[in-house]
């Protein structure tokens, strides 16, 4: 290998492994990430593939770094392709430049023009031939070896992952594939250099490897959820698939519903029964749940709906990320229906935010929508073990209700103790009709107003503490964002800081109820506000305009999915603006 | 009768007829309104009743005037009750004062305290005894006679309505009831006075008597709708009930769907087939339609959804009015889903606005939501015959598509000619998946962006003309409102004008796409903006903040249903503010 | 059926009737159904606090608040989904789901299918009046094809929906029809339905005297079924396919095991699950 | 069936196949179904522009774009509603609705019930692979109770949904089952279904070789039905209740009149309706 360069600070190295579906690029990518994780690095991996249900083309997009990473980088240092079949379809997702290196198999033809025109260097390795030369081995293991060597991942780390994978069950596969990894590793020595990983010490503190979908599922359990009903939908299905066996283990249960209308009504029924409940869906399913969410608001039944956002509208782009369900989550219910909307701001935070949502929903007897997205949900990441925030779902219960029990009593906090079926003396009817304090239907203006006031009050009076947003940095420019744009914004701000430009970050975790005073506080002294989001119509920006008073000049940086908002775009916008 | 006073200008006289359900107060009210209409007055009548399905208590609330009226007045001049049974339940809806007169039957006890405590005068007429004295007659006809006499409606006018009702079929009922009307009329001569109707000439120009629900149905037909699918829901059902026979007459059809999910998908299917289509619902049904509305956006299939708003959230107050579906109508779809939202601003305008919605939907191949409400929908009004605006639904069609036909071509206007099934050479697949110009599914960023841009563009580039809003008056204070708040705002502004306070009115008919330049233009020079709406959370106000730049100081005047926003409240707010 | 809390004092039907005055029209069949339900609860010696009555929207769906049980008055058409979630999460409760023909067979049709199939231990009562009562008279799936209404002048012309056949076809474990005009017989059958494990479906002919006054004539039409309760689905299918709509009785009773996923039997702590994420 | 435009030149199945490459896995049963559909269209001498293929969401629901007909790829579970609206508004078109078992029997169950009952002249094809293909392997209503998946470890334990019985119970006029492995037989039956007036339902066993590779074995299990097509619902009910799920053939064919409200036969102008509002 030529001159070794260390990867720049926290940016780490970015690697794409590509090839036809079935060539095993995902397996190779997973192993690479795991090896890096075990050796002490952080990292993440995005899976991307073509429209085919099986086969087609696929790529594993990785970023590995000595410091925590929360998004892909703007560019790739390295692309290794087993073949170039249809890889042009990923061109948008594979930003390369002259500093990048492409490694291809000369027997598989040339990379598509759309990649080469960027001046990227190309190196050739006869991957398939090498694999053929080792009977029983696969080209993706050659690829794994090449990747490890090029970025400076120790061979042993990779080998031990391969051993763990095949060592137990499929022993006959182990020897040839270990050999393939070694062969790939060795072949890389003559290849042009790419930046190498900064050295790390094996870490003492525990780390986890998981997806945001798993994290959300686990957060739900930590919050106390014991009943889940759901209907499969990309990219949310894995949450259900993770929760199904997990719930059984901890004494809960999951029902596969016939549709989303059933899911949401099932969990409302279960929660009426006193059991913290959750469902999981994506945009189309969330739309179907809107009517019953209104019932949960009116009847004050806590439930959590996890929406893993994908490209919209309609069926849209099911397997790609977009932050375009902000409006429906905030404003999609009929009538005046205040409720909670919470957005995790990292893969690890899918855990904390979901847990918090359960906690808040239960505390305020309100539906909560959690806005995750496909990037969070399906990306696998190495993260520090998230501390348990002890956000436990705990509902104010009417323990010894008497005959005069008022289910919807007009308390100061707005929260009225709830009687749980089975409790003698506490029987009442939960109702979606406008009702009085006892729950008896009423069409009187006074009752309607009193209950609307109460439901608004309970959300506004709650003390959300500092958890409502991540606030960082100083300066007269601020970036306001949420969800999976937080990662690229942080990256951009680190770059700006390196240039000496101070920028404030506000990543909002609590979208509803809006916290205008807290935001004003966070933005004190700010003159320029950049709002960053990944959708077409600026849904988050419009919401900020509606519910907050933003100081100074406000600009919107946005584009729809499937491409993420890159740190570079944000950085450029900030530096340009800071010069004005 | 004591001293006759003429009713104040356009305010006319306000009359409530009340009694137990089945006592016939609605019939009496209808006849009173019809008689007034035929004699040349304008007027309207609101029906209100208790929670019972049948029986219970009921009241007909009327306002009759020499000038057009678009809402109830803040107070009643006259309440006539056949009995006082449960009438306290309507107390909120029956604002009385010392100037008002209550007429009751001494044999039915006394009016409830909540009414008498306002200092209202009480007069007694033995209504039931009088009816009994005329065998075959009903108390409500006595009531009708009293009402006519008190407000100065000619006896002949009332008698001819009664004749028309019973003259043909139920002849045996005619004579006694005519006698009852006469007896009632005569008995009123000794009663205290209430303001009398200003004199009118029999009108030469045609007038109509209809509800907003009928007007909307007729507007749909004028716009070209020939297919309707719907599911019954209060207060929208009458639109379907009116349309069902009407469509058959003009060569269209109506399907009763199994649910709202079916309704919306049926009309999308029919419109894909080239037939302008509509459905009708209220909040809960609109929520259920949100998913498929996204499909109509993405696949560019024009449809119109008429939402007759009622008290929310959830089942809420089904039979009472509220403007609380603004948020869901504007922002309730998942993904970035620009579409049309149109609000009629009077009962008569339910016709024009719905017709316009059909026209716009067809012109832009977009779903349109029409926000009517229970007040408009179920109130019967005397209006000038609405002129036909010639807003005909006409879709750009691909008349001779070739093999290269691009269903979703990126045109400058954003509208792409649509090929209708049956047209040779124009076959394509309408798709809710993100697609390219030909309609072929794509998950490429470029295709996604191009189609999102196009769909936004077609709505923004359209010239909506002056019809986007009703703009009236001058001055530095402006009131922005929409829908059924327009009536009370107009009344308030007339009072303010009488005080010499000039106020501008902007009643927005086109809510989406937002027209920020046009509004800025309309508000040029304005320093104070009052936003008036009938809901709890200020949904319209928040939308204005999000999508417009409002000049000067902005205040919100709002409360939820079921009570309307009274002209008095608006007038007070404006006069106070104008003094600051 | 869930274990009724066995208490010392026998409970009366009156103990299950709340103080709220129904909004129903005088003479509505639903009053009798309410009586039958409370009688059935008393027969089974249930305690109000251990019973949940779950409904959708409609005249009939107002029933929960007229009992002294825990009530859930949800959205139109989704009562079975809410009831299913409640029962699976709280298997100790007796869950009775109730509503109308529009609620259950029109907008709620899918949940009806899947509740029958899922066979959770619920009892589902439909107060069938062959009309949308609450919205003042539109045809429901069980409305006769020639019934005239504003929405369907000249009648719908549609074949009626056969709830019992559909229930059987989709796997309901207990299928009965009763007539509101016979409150005692109805109470007996409801009690049997609650007692029978799994999903029990009771279709009750409950006249709407306001919108369908001719249904007062049902008392002449209703008659006991001419065959005994069967547990053979094929036999039941043949019989029900030719049913006249007025056969009263328990028409099918199967032996399917109720579906109840193991709730509350977990052995692990949540923290134990962390292991799978550890590197 | 709607009048096929009778043209001079006979049309081939190939003329109904579009140039788009399906996203389906190699070996997926849906390829054969596509062939059968195009063959059936050719047999009936239809013209692509007079046919609309309407679907929901799923692997199978991708089928419209693979034909040269007008296609409508709607939302999940609502294909029958869209198809119904289209056919009623445009009775001149031949409307074929197609999709999967998840789309049709799970989320779409209510529309299935009511389409059978309404009996609009549509043909509905379900490519049943007893699994959610598109979302990568969750149980559908027709999945066997012991089939294991991530979402249902150990199996669902649920009785399977019996589409043919439910179709019969809710009034479908034509009920058939075919096997994708027999494209010619399937084409014949689809043609028969389209030709038969009213709502025709064709359940096609269409293997998902990726998620349910064991379904390759279906070719051994599928067998011609042992009884002739009947028009007696009670007889069909008994037979279908004990059906093994692999009987192939037209199992029921009724004589119900299709539902088609009078579209386009209006005699009045819109302005004529004003009279009723005039004072």
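Per-chain numbering from 1; labels A, B, C and D assigned in written order.
Criterion: a contact is a pair of C-beta atoms (placed from the backbone, for glycine too) under 8 Å apart; a residue touches a chain by one contact, two chains touch by 3 or more.
Everything quoted here is computed from the prediction, not taken from an experiment.
Here B-C and A-C were compared by C-beta pairs in contact; the pair with more is A-C. In terms of the distance between Cα centroids, chain C is separated most widely from A.
Centre-to-centre, using mean CA coordinates, chain A is 38 Å away from chain D. Once the centre of each chain is set as its mean CA position, chain A and chain B turn out to be 44 Å apart.
Of all residues in chain A, those touching 2 or more other chains are 51, 248, 254, 258-259, 261, 284, 291, 294-295, 299, 314-315, 431-433, 441, listed in ascending order.
Residue numbers of chain C whose C-beta contacts span two or more other chains: 57, 73, 75, 77, 106-107, 109-110, 113-114, 141. Residue ranges of chain C in contact with chain D, taken from their complex: 106-110, 113-114, 117-119, 141, 157-159, 161-162, 165-166, 168-171, 233-235, 237-238, 240-242, 256, 259.
Remark: chain B residues 34, 37-38, 206-210, 214, 218, 221-222, 226-227, 229, 246-255, 257-259, 261-275, 277, 291-292, 294-295, 299, 382, 385, 419, 421-433, 439-441 touch chain D in the complex.
Within the complex formed with chain D, the chain A residues making contact are 51-56, 231-234, 237, 240-241, 244-245, 248, 254, 256, 258-260, 284, 314-315.
Of all residues in chain A, those touching chain B in their complex are 51, 89, 92, 261, 283-284, 286-288, 290-291, 294-295, 297-299, 311-320, 322, 324-325, 327-328, 330-338, 431-434, 441, 443-446, 448-449, 452-453, 456, 535-537, 539, 542-543, 545-547, 559-563.
Those residues of chain D that touch chain A in the shared complex are 23-26, 28, 57, 59, 73, 75-77, 106-107, 109, 132-136, 138-139, 141, 150-153, 156, 210.
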